[in-house]
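Structures are listed in the sections that come next.
One chain, chain A, links the two complexes that follow: it is found with chain B in the first and with chain C in the second.
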Partner chain A sequence: MQPNWVDILPLILLAGGGFLVFCLGGFWKARPQGLLFAVALATAIAAGAAAILLKPDQTHFLKMVEISGYGRFFTFLLTLITTLSLLFSYQYVKLRGIGGDEFYGLLLLSGLGMILVASALHWLVFFLGLETLSLSLYVLIAIRKPQSASNEAGLKYFMMGAVASAFLTFGIAMVYAATGKMDILQSLSPNIQAVSSPAMLLGLSLILIGIGFKISMVPFHLWTPDVYQGAPAPVTAFLATGSKVALFSALLRFAFYYARNSVWNDYVFVFWILAFLTMAVGNITALAQVRVKRLLAYSSIAQMGYLLMTLLAVREGGVLAIMFYLSVYALMDLGAFGTLATLSEEDEDLDSLEDFRGLAYVHPWRSALLTVCLVSLAGLPPTAGFIGKFILFRAVLQSHFVVLAALGIVTVIVSIYFYFKIIVALFIQPAERKPVTPDLDLFARVAGIAILVLILWLGLLPSALLSSITRILPLSLQLG
Partner chain B sequence: MIVPYGNVLLLAIILFLLGAVCSISRRNLLMILIGVEIMLNAAGLAFVAASLKWRLLDGQAFVLFIFAVAASEVAVGLALIVYSQRRTGSLNADQYNQMKG
Partner chain C sequence: MINNFPWLTTIIFLPLAGSFLALFFARRPMFCRWTSLWVSLADLFLVAWLFTSNLQRHSWSTGKWLLAEDHPWIESLGIRYSLGLDGISLMLIFLTTFLTVLCILVSWKEINAKVGTFHFFLLFLETSIMGVFLATDLFLFYLFWEIQIIPMFFLIGIWGHEERVYATVKFILFTLAGSLFMLIALTGLYLIHGAKTSLYTFSLYQLIQTPLGFSTELWLYGAFLLAFAIKIPIFPVHTWLPDAHTQAPTAGSVILAGLLLKTGAYALLRFGFPLFPVAARFSVPLLLALGLIGLFYAAWIALAQKDLKRLVAYSSVGHMGIVVIGIAVWNTMTLSGATLQMINHGLTTSALFILVGMLDERVHTREIANFGGFWKKMPGFSAFFLFFAMASLGLPGLNNFVGEFLVLVGTIKTWPLVTWFGFAGLVLTVIYILTVVQKTVFEETRNEKFREQPLADITVREVLILAPLALAVLFIGLHPQPVLDLFEGPVGVLIGFLK
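Moving on to the complex of A and B:
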């Protein structure tokens, strides 16, 4: 079968755009202001358009990258995340003088890595995508060099991430040793005899640990609040959404393939415990937080817990629910951290709950967006978060995990308290100290409006996205 | 093969455990990085052994990519560590505890 290079146009565009930004930054010193941003934005939008408009007639590219259905869905979602992060970061990085070629170039390359992770059909592509994604993010997090928190966050994420990716690499080696297959589907499929051999189990648990680090699954979540707090807010937005969506979509793919084996039933209890712990620890620890970024970090741990819970229902309708909720989660967290970025003062990001007091009277639009995102994270109607959680819990109940679903609903109710802590702060008496926040620029405004519209639209009329997911699902994930 | 396959795999697992213990128990940033490198090399060894057992070349190709990735990881990591060491004068991981809550 002749490979058709147009099929992977989104990947080529992102890689090319990233290198173009680096070259422009390196060799054209007298470039017009905003050129790098324009190139990066055009690249991300073009990649997203290519992902949606191209209709490849094959399902895979050289059996390495999936280019139909599932892979294309996540390609589009991840380019959307990259685009929105770029829009939120333009003014932020310009004011703080960190908007050089390294910021935009690494953001695009990181997006490329995320897409590779989400659509990998081959362990090598998965490994390389993960490393592209992580290595770019290590630098992006530490990009505010003079600020000690940013530096410390980058160092912490690097140390944790390096150990996690070493675990993951050894896990892949063990799976390969047990099965002799580099193809992900073949190595996890039921006709391999080695499916429950010790090497295979060691490999799969190490891969789970490696992915667990990246999606901050309890007990591997300890880095999350520190890194989210220390990283510049637009980078936090990108990290919290992009890398988690990518890694979770890969985990979902592995689980979907592996769940066709009968041994899956023996390990369901592992995911049961992990999902319960992640939901409980995330939501309960968030109660005590007084810093908004840390609170949102624990909230994103809890959101991952809901998704892990639905992983148990991977055989019956869980895939649809997880794909829908991942899109919704990306929008909500991008909105929350993006607004935080536009509200931040120049030398330090707006973080303490005290500083949010009365912001709604000074910045009504940004507060409105933050409120909608928080209401959606809490899972209340009429937002997309409500529909998303409803579908998640329905899928779990249909697979007869009643106790876990009940415990999950209890943690959702607990979580409403701390989301409203921020919302109440926005609307009460203004604080003594007035944070000096810059005016909203055009790009952040576009991103904010897009997120607001999408969250409300998916909340009121979810059928459009749901039916398109249902349409593409049967075509994909079945390769081989 | 002269050396049995199982023994090579066992060696890889032992090497991996040594690296894991090194990177988890040591507090020095450089020692953590060294532990990571040992784990990656253990993965490489397992890939080569498995590749010989299955008589397929893709495992050995994977090792080349591991080398490249390990080198770039060290490049980024050492840059971060050197900058942090200049700023705080310490290589001890426990000293980096500014953020709490």
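Moving on to the complex of A and C:
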């Protein structure tokens, strides 16, 4: 079969755009920030449009990359995340004199890696995507060179990432040794004799650990608060959403394939415990935080916990629920961290909870956006977070994990306290000092409005997204 | 013709439109006040017009209602946008629109900071409360039920008194803790219904017919009851209420006591009992006991209160105890009585909160010890205070008497002991209310500082707020039949669910 290169146009665009940004930077003595940003933004938008508009005839590209509904859904979502992160970072980068070429170029390449991870059909492509994503992020996190926090965060993420990669590589090797296949679908399919052999299970556990690091699943979550706090806020926004969405979509794919085996039932309790721990540790630890970025980091751990809980329901309705919630999660966290980016002071991001006091009366729009995102993260109507959480719990209850759902709800109640702690600071407590924050630039404004509209729209009229997910689901995961 | 226009949607969302108007013109406080007043008045007239238009009961796909709307909303999940109006909800949305108008008038002078935002939240709250009273799809109901917490959080938090942060966070944690378990139960019920009939729906009318095993029903009902009990509030889970009431601005207290507590009682009546009849019957002794305890406990605690606003707040717990008893006994007489008592409590307690607010504006304290001698200093104010205090303690001829009497007399056939204890509890209510009237209105204050302070009597605006309330109190007290007639049909339907 002739490979049709147009089918993977989003990937080609992102790779080309990334290199173009790198090269353009070299032609000017002072980096043309505006031009570089424009090229990067155009690339991301074009890739997103290509993901939506192109309807490939085939479901896969050379059995390496999936290009049917599931893959395209996440391609679009990840390019959306990349685009919104770019919009939030323009002013941040410009004001702080961070080299535009490396920042924008690496962001695009990282986005490329994420898409590869989300749509990989081959273990090597998965690994390749993961490394592309991670390597770019290591640099992005540490991009504020004079700042020790930024450097520390980058180093920490690198160490953890390296360990995770090691686990993953070894896991993939074990799976290959057990099954003799590098094709993900085939290696996890029920036709393989070795599906429950010790080597296979060891391999899968190692892969789970590797992914667990990246999605900050408890007990592999310890790096998260430090890295989120140290990284520049727009990078945190990108890291918290893009990398997690990509790896979770991969995890969901693996779980979906593997759940067709009866062995899955014997290992459900592992996910039960991991999900419970992730929800509980994330939400309870967040209670004690006095720094907003750390608080949001723990909140994002807890959000991963809700998703892990739904992974148990992967056989009934869980896939739809997770796909919907991942989109909602991306919007909420992008909004929250993105707002932090626009509120950042010259040398340090606004972080201490005390600095947020009374901010609603200085920056009403940004506070409103942050509030909507927090309310959505807490899962209250009329936001998308509410519908998303409802669908998650519906799927979990439908699979009869009633106790886990009840425990999950208890952790949600705990979480209300710390989300509202920020809202109380914003609206109720009087300001102690006035942070010097820049005005909102056009691009961040566009991103903010887009996120606000999307969160409320998905909260009140989720039908469109739900039915489009339902439409693409049957085709895409059942290949092979 | 009346049936084709979406009147209910208009009534629900008109205040929301007004709220955004207020938010966008936040820089012009007077404009915000007037716009909000006109919008809320328009809504009040719309509801009043529904009253006078002699609606007839119709069969709709969602049950029998005076007016109903039903549209698909999130089809893949079986969620519909369906609203239904019957006599009970009509009376309650009437109360809602009425009290909202009063709240805007009350806040005219009291709220001077962030006026636009204040009216935004106030009208937003009105929309969500009316949604609770009209929704007949459980998901839609839940959505409105949860949304109402958010504006209330801000109303207490931003415009409240000294301890507002503590009060508002406590409020939100309590109410959300209850309602999130309800969400789980709601989803469980929906899935069980779907599994049994392969029709996934949140329609109240459909879900009532779900066959449930006893233990499942008990669990689900327990979760619903917890949410409603916190909102009503029933005795051991009432502790958020005194704090929230005391710290809220006057308008916040009025809405909280007059309307938010009603959503809990209304939900128990409309959803809790009909959805889980067997479990509900099982819980009757518990509810009766808790209702009585609430009555006695509130009276006992109220006697010891130093803060007048807190005292009125505790009196709410007692009054709602009567409502809970009326719902638990579940016969025609007690249900009418309980529903009427919901309206009554909305009127009298709101009036008392408004009066306390007026005192606070003048004396700048809520301590009972600092009050006294108002009969001489402010005769107009004292007359109103005495009137509403009498209504609150259940003086015959005023509104509360009718409701309490119906509930307790209706109870005597099945639970005579409850009736006797109930009357004993009402005597205690009389004691603490008379004590506080004596201390504030008639006796001189012991605090020297406040004794010589000259006080202005109530103004025209304040009379305009209190007079309609007083008229309503008198009307229901002397001639409750028109209101009771409204309840007759829906109460009959509700009784039918538990046969």
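A few notes on this one:
By our rule, the second predicted complex is superposed on the first by the 470 of 480 C-alpha atoms of A that agree within 3 Å, B and C clash if a C-alpha of one lies under 4 Å from a C-alpha of the other, contacts with A are read in each partner's own complex, and residues count from 1 in each chain.
Assume a contact is a pair of C-beta atoms (placed from the backbone, for glycine too) under 8 Å apart; a residue touches a chain by one contact, two chains touch by 3 or more.
This one's a predicted model, so the numbers in the text were calculated from it and none came from an experiment.
Using the contact criterion defined above for the overlaid structures, shared-chain residue A:381 touches chain C, although it does not reach chain B. In the superposition on chain A, contact of A:468 is made with neither chain B nor chain C. Of the two partner chains, chain C is the only one that A:416 touches; chain B does not reach it. By the document's definition of touching, of the two partners only chain C reaches A:405; chain B does not.
When both complexes are overlaid on chain A, the residue A:265 reaches neither chain B nor chain C. The wider contact with chain A, measured as residues touched, comes from B rather than the other of chain B and chain C. Looking at the shared chain after the overlay, A:394 reaches chain C, while chain B stays out of its contact range.
Contact residues on chain A toward chain B in their complex (touch as defined above): 123-124, 127-128, 131, 135, 138-139, 142, 145, 148-149, 151-156, 158-159, 162-163, 165-167, 169-170, 172-174, 176-177, 180, 182, 199, 202, 225-226, 229-230, 289-291, 294. Looking at the complex, you find that chain C touches chain A at residues 73-77, 114, 142-143, 146-147, 149-150, 153-154, 157-158, 164-165, 168-169, 172-173, 176-177, 180-181, 183-184, 187-188, 190-191. Chain B contributes residues 9, 12-13, 16, 19-20, 23-24, 29, 32-33, 35-36, 39-40, 42-44, 46-47, 49-50, 53-54, 56, 58-59, 61-62, 65-66, 69, 72-73, 76-77, 80-81, 83-84, 87-88, 93, 96, 98-99, 101 to its touches with chain A in the complex. The residues of chain A lying in touch with chain C in their complex are 361, 375, 380-382, 386-387, 390-391, 393-394, 397-398, 402, 405-406, 409, 412-413, 416-417, 420, 423-424, 427-429, 461-463, 466-467, 470.
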